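Okay, so chain A shows up in both of these, paired with chain B first and chain C after.
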Partner chain A sequence: MSSITDVESTLSRISSHKGVKGVLICNHSGSAIRSSLPSDITEQYSALISQLAAKASSVTRTLDAEDDLTFLRIRSKKHEIMVAPDKEFLLIVVQDPEMGGE
Partner chain B sequence: MAPSRKKATKERAARQIKHEAPVDDEVDMYQEPIKRVVRPENQLELTDAELKEEKTRVLTADDPNIPKNISKYNFKDRCYKRDPPGQSEHMAIQFTMEGCSLHHESDEFKAQDAYRQKKAEEEAEARKAMEQEAQQEGETFGGEPDTEESGKNQFNYSDRAAQTFNNPLRERGVSTEPPPVVDFGATLTQWEIYDFYMGDYAAQIMKAKLHEDADKKKSSGGYGSYEEPTPAAAATGKEEDTVHSAKMENALKILERLVNQNAEDEIFNDFKYWEDASDQFREGEGSLLPLWRFSTDRTKRKQVTALCWNPHYPDLFAVGYGSYDFMRQGSGMICCFSLKNTSFPEYIFSTESGVMCLDFHPQHPSLLAVGCYDGTVMVYDVRNKGMRPIYSSSIKTGKHTDPVWQVFWQAEDLAKELNFFSISSDGRVANWIMSKNELKMEPVMHLKLVNTVKDDPEETSLSGLAGGCCFDFNKTQEHLFVVGTEEGNIHKCSKAYSGQYLETYEGHHMAVYSIKWNPFHERVFITCSADWTVKIWDHNLNYPIMSFDLGNAVGDVCWSPYSSTIFAAVTSDGKVHVFDLAENKHEPLCEQKVVKRAKLTHVCFNERDFMVIVGDDRGGVNSLKLSPNLRKLHLPVNEEGVVEAGVDTFAIQKAKMDKLLQASDAKPSSS
Partner chain C sequence: MSESKYADPDPQTDPIDPSYKQQPLPGSSSYDDSNNDQPSSESKLDPENDDDSTSTDALPPNPPKISPFTDFSNPPTLLQPPTNSRFHGSLTTDTSTSCDLLTSKDTSTQAIMTSSSGVQVDFKADAEHCKPIKKHCKEDKKDDENDDYDDDDYEEEKGGDENADLLNFLKKVAPGMLDELRSNLESQAFDNVEKDWGGIGSSENTVDHLHSLTLDWSKIEITAKQHNNGSLNDFGRNEAKINTAAEEEIPGLETTGVAWNATGAIIIATFGLLNNPGWCNSRGALAAWNLTDRNFSSRKPSVFVEHSSHLMCVIAHPVKPAVFVAGSFNGEILVYDTSLPSPLTAASKIDDYFHREPISSLSFVPDPVSNGSYVLVSVSGDGKVLFWDIDKLKAPTRGVMVLKESKENSPRLGGSALATQGEGGGDLWVGSEGGRVVRVQGRDKAPAKPGKMKACDMKWSTNALQAIYRVPAHQRDELIRLIEKRAKSDKRRGVDLSAIYAARPPFSSIFPVGTVFSYRGHEGRVGGIDCSSFSKKVFATGGSDGEVHVYNMLSKDPIRVLEGRGAVSAVKWSKTRSSILAWAGEGGVVVSDVINGEETTLSPAWKEPTSTNSSSNDDENLDDAPPAPSTNSIFSSLFKPATFSSLAFNGKVRNLIAAGDANGVVHVWRLPQDLVGRTNQISEEQARRCEERSDELRIR
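Let's look at the complex of A and B:
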């Protein structure tokens, strides 16, 4: 299937991108399916981010029931955590935005 | 022996009677213990006379311990007073007893006696009445009257009673395991309720539909069999499906763009906001700011042979890869890049032969016409990722025999079928019509060689065909188009007259690489050639009105979409030349080398943003931002320096070019 190779190649492109610390895919229950990070950090990220994403989605839904969260970006001093939430999965990319610039 | 012992122990003081167990063996063990009286030593011995003496004691009611002379302080009289002697407080009662006997002469006894007698009389009367009754009954039944203790043998009768044990009451209980209890807690939000209702509503509609379908099928005779997707099949590889789902693909696409945007934040800022400040101080000079370079590993060894912006999505452009070298031909590729993802193409298509030209359909932005080195033309739908073209020319349907140098979409014909033109160095211009299932070729024109020696008509007819290199269709006169050839001649043709040229322009001495009508002025077109020159023509004049020598083979030239007088040209020494004829008619405003050790092959202006993309022969495409001096629109401004609203920019741009033409008309031989 072309879609499988497409997804895999996109995944590898993102994870090999300069400045990207890790790519993480969680299932709907918040446990990691795929990760390029060490297991302890993966666990932390998946547990915390899935909660945050659920909360953020709840906030948007509460403000407008027909609205929904499509994306979540967290900019910190060190990183930018980008989250693409979905019903079935949670895609998390951690990037150091300063590093890619040079 | 016993008495002697008794004597010995008598002396000892013992105030109690001792039971002495006999020690001797002869003495019977079961003998009763002997009682002995032990007197204390100091017991008084009294004589009989003394013992019999009587002593009298009298009890008096007086208590000798009671004080009889108590005096108390009297606060009223403020002096001590003697209490009057009295016994009231100090009476001690020695013995009292309440009796229950009555004196037989007292009134109380008489009353009680009378009551007792009366009761006895009543009882006797009642007994008599009962006896009478019993007798009457006995007479009526004819039986002997029963005595009081009837039936029982008074002598041989014993009454026995036995008391049984009362079993004590016992309590007995069994404790069972408690039923399992689950604590459930959740917070409910408004949107969860909303979701549930929406889901329920959808399910109801589904159900109703299902019923309807089933009813229909029943009425038509057959039984509708609704097959639910087997859950087992759905469950297998579900995890993998999540990773490879279309949603995931979409999310990944967005994330890749984000990652790129974060990493290239500076370039994106430059693209959007940075303006070369030094342009204000240098009149007639501009600069190009390099932004991204688009390339992939797979195209490193290929040359960029075509560039085309998508007319609908101003951030999307297609790049055709192939080779201009006759000896080194290989497979071709088409990559569609987006400015939103600068690191990797959105779509990739590979072709058997090198791609030579591309064109997006202006109304159907997903349709891409492609011309190849082997003479085939194809139509891709870029939405079909990595798939084969939806149309492809073949030898059966007709095919160019030489490389196709340019394709160009046409307006829909009468049958509403999409069609495009192509030009090839086999000397033919063809129209390709996308019918339902095939691409139909319709030859439009054979580019006959024009003999410069006009006096020999026979030789003309014998000569071969000119290799077409490029063409462009007039923006206002639809049938009119100009063709550039390998020989350097330019022909004005019409779709209506396929037999002959309307005009032939001579001026270039080598192959014409590109020809473009001015987007604002319908008479003007520009050409560039391998003979190092760029020429501007008025199609009514058979000589160029302007000519610029750029010092190297000019790969491509392109009018800017926003100003009639600005164009950009790329040369094989890696330079981009940008001209604004309204500013300078002789020199380029900007001449900038953008690639090292590479030839630039193509250039294309973005329709929306002030940027150009240039392709080189190393498979890369560079994007360059035009500095403010390179994009002057020369619009009339009011006294505040603001462009007046509602001005017809098109007319202004046309007038600008008209002015240039008048100037060149005045000195036709200037070029």
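Let's look at the complex of A and C:
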């Protein structure tokens, strides 16, 4: 059970960071595993971002076979979506950097 | 590789279970329900934080009963311990269904739906399902050994605690993520990006005053002194500075020239006084701001160099992004490379055969002989137009005299402005202090590979031979004798360009008359000339009589006369839109559409510091809090009507224009799209698109 609390505490540490609007973990097939966001938004994020991350890593590896995607960030008008992909899971953090700055 | 999986939609995609929407999600708490809106505050996300918001790093003493993180992998109730088969069920069914998530939002609910409705999948079957994913990973990974190990380990791990996996994963990525979150808040990378969206409500159709670049003389003093000493010593010039920096008062210099570099990122300005009555014994300066630099500050230029006399004009090298050429009040041509610690790389001497008077204008023309290189053209108040190779500033390669008429003995014109046609080393247009505007023959008559002259005894360099070819035939022999005699007495081994000038040949023979045509001109000093980059025949002039003329190069009288609103000291054609002409002067900076007559005045309207990003950033960048003297000078300058002395369109970032004013401030504006776009049709199309977009928004 200790690993559960550790997972939770790490996630809450991230989500309590300035400007963070949501944290979610999903697997590479796009299903969410943990999320701090409402369910419908979680689904959208996990499904769409995991595909984008897959595409991004495929692009990276096509450009250079020895390379691989390690981090993906999407800057939008409202948010910055940051994705840390790993072999099994993706950590997705949605941040509003403007809000955090003030 | 991986996208191929997504490219083929699985035909077995299940229809959506209608019961799903009503069914409460596993683990979704009341907290989740209250947060339909995305921009929910962070404190809500983490209930723990409400009590003790300062210690965010503290671990919760007990596992929270209601976790803020919806655990989608768990079965419907949290009390029921997760079974592996369920978790895997969610994994595998989803693998096959998530493929068309991008097109249909509803299918994205599939994964959770199947897991929450408790589809039981046999563990073995599940493991088989999982394997393709693993294999897929393996194919892409390089180190197979490592992967094999994982593969063996895989089932055990899955059989074990999946939270351990999650924890390992988080341990790996969380520190990096936290770092990114932190740096994201501090990053200024996107500070000015928002303005460029170009959508509704953006600044697309208004003129934006972006920056007021100023020099804070009090702060620069010390560093500048070192710079100046360094460059002088390095360069080994004899001229001592007349005043030491300490004795000198902080000069109230004007901006005499502005230029954008080849990449459009750096703006460079020269400082001096345009109406210096006599001998100039105070310092001038050159400063460069890199607008894209993350440490950009409008009061701290990225490069600052002082010079022993006022600098009068500046031009950027058309290709090399760090190379700039400035002209000084004393007649020196100075080449700066801002990428070097000591930026002054070369300077011309002051000589009767070079420039003796303030250099009023500079221009680069493509070298007609060697492809890809450029010739520098300079004009000064002494009536000479000289051509230089900026790598060999010892002596000009050639020169022409600017006279009132094309006759030998007509008076010289003190050149005040120069324009060159973009292509070829053809004609030049020169404006004079007295208001004359003349066309000057700029074509080189000398052959590219001159043959040896009979009269030559010594070895002549190619440049020197070319110079002799330019001399009228009947004077050549005499001139060669004169030059060789001098060269021998100077114990030179051969004759090069500097040997020719050292021999003091008669002016008329070495500098032919360049004037070929005279235009109506102005009633006062010609402040600026510029050739259109679209039409080879069109050029425009601006004069202190307050008029702007647009000429066809073949006719004496202007084809259009525009009211300049006070003396005009710089004229520039837009590089992107053929009908746009801008001028700067007493009346401010005016951007005019020559065809339809619409004029836009760019005012240096000083907004409150909060409204411009640049100024608010400056306060952060400059550590010492209240920037006292410099802002005062800015504010006081606002109450005087600013007189602009120089102007430059950005060649790369098409909508930027810069102008320097008489108070030493360089202003940067962003022009609206309809003054920048290539044709009217484009801007109309953009307007249409804009309307469509606003319609869409309204419908929503």
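To be clear about the criterion, the second predicted complex is superposed on the first by the 94 of 102 C-alpha atoms of A that agree within 3 Å, B and C clash if a C-alpha of one lies under 4 Å from a C-alpha of the other, contacts with A are read in each partner's own complex, and residues count from 1 in each chain.
Everything that follows uses one rule, which is that a residue touches a chain if its C-beta (ideal position, glycine included) is under 8 Å from a C-beta of that chain, and two chains touch if they have at least 3 such contacts.
Keep in mind that what you see is a predicted model, and the values were worked out from it rather than measured.
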Fit or clash between chain C and chain B when superposed on chain A: clash
Partner chain(s) touched by A:Asp6 [first = chain B, second = chain C, both, neither]: both
Touching partner for A:Leu72 - first (chain B), second (chain C), both, neither: neither
Contact breadth on chain A, by residue count: chain C or chain B: C
Touching partner for A:Ile49 - first (chain B), second (chain C), both, neither: neither
First (chain B), second (chain C), both or neither touched by A:Met82: both
Chain B versus chain C as contact partner of A:Ser16, first or second or both or neither: second
Which of chain B and chain C A:Leu91 touches, first, second, both or neither: both
Chain C region in steric overlap with chain B, selected from 95-103, 149-157, 545-553 or 671-679: 149-157
Chain B/chain C common contact set on chain A: 1, 3-4, 6-8, 10-11, 13-14, 17-20, 25, 27, 33-34, 58, 61, 65-66, 71, 73, 80, 82, 84, 86, 88-89, 91, 93, 95, 97, 100-101
Chain C contact footprint on chain A (complex, rising order): 1, 3-23, 25, 27-39, 41-44, 46-48, 50-51, 54-55, 57-58, 61, 65-66, 68, 71, 73, 75, 77-78, 80, 82, 84, 86-89, 91, 93-97, 100-101
Chain B residues touching chain A - in the complex, by the definition given at the top: 189-192, 194-195, 239, 242-249, 251-256, 258-260, 262-266, 343-344, 385-386
For the chain C and chain A complex, residues of the former touching the latter: 1-3, 6, 25, 28, 32-33, 35-36, 38-40, 42, 45-46, 48-49, 53, 56-57, 59-60, 62-64, 67-73, 90-91, 94-95, 98, 101-102, 105, 108-109, 111-112, 115, 133, 137, 140, 142, 150, 161, 163-167, 169-174, 176-178, 180-182, 184-187, 190, 193-194, 197
Complex contacts: residues of chain A adjacent to chain B: 1-4, 6-8, 10-11, 13-14, 17-20, 25, 27, 33-34, 58, 61-62, 65-66, 71, 73, 80, 82, 84, 86, 88-89, 91, 93, 95, 97, 99-101
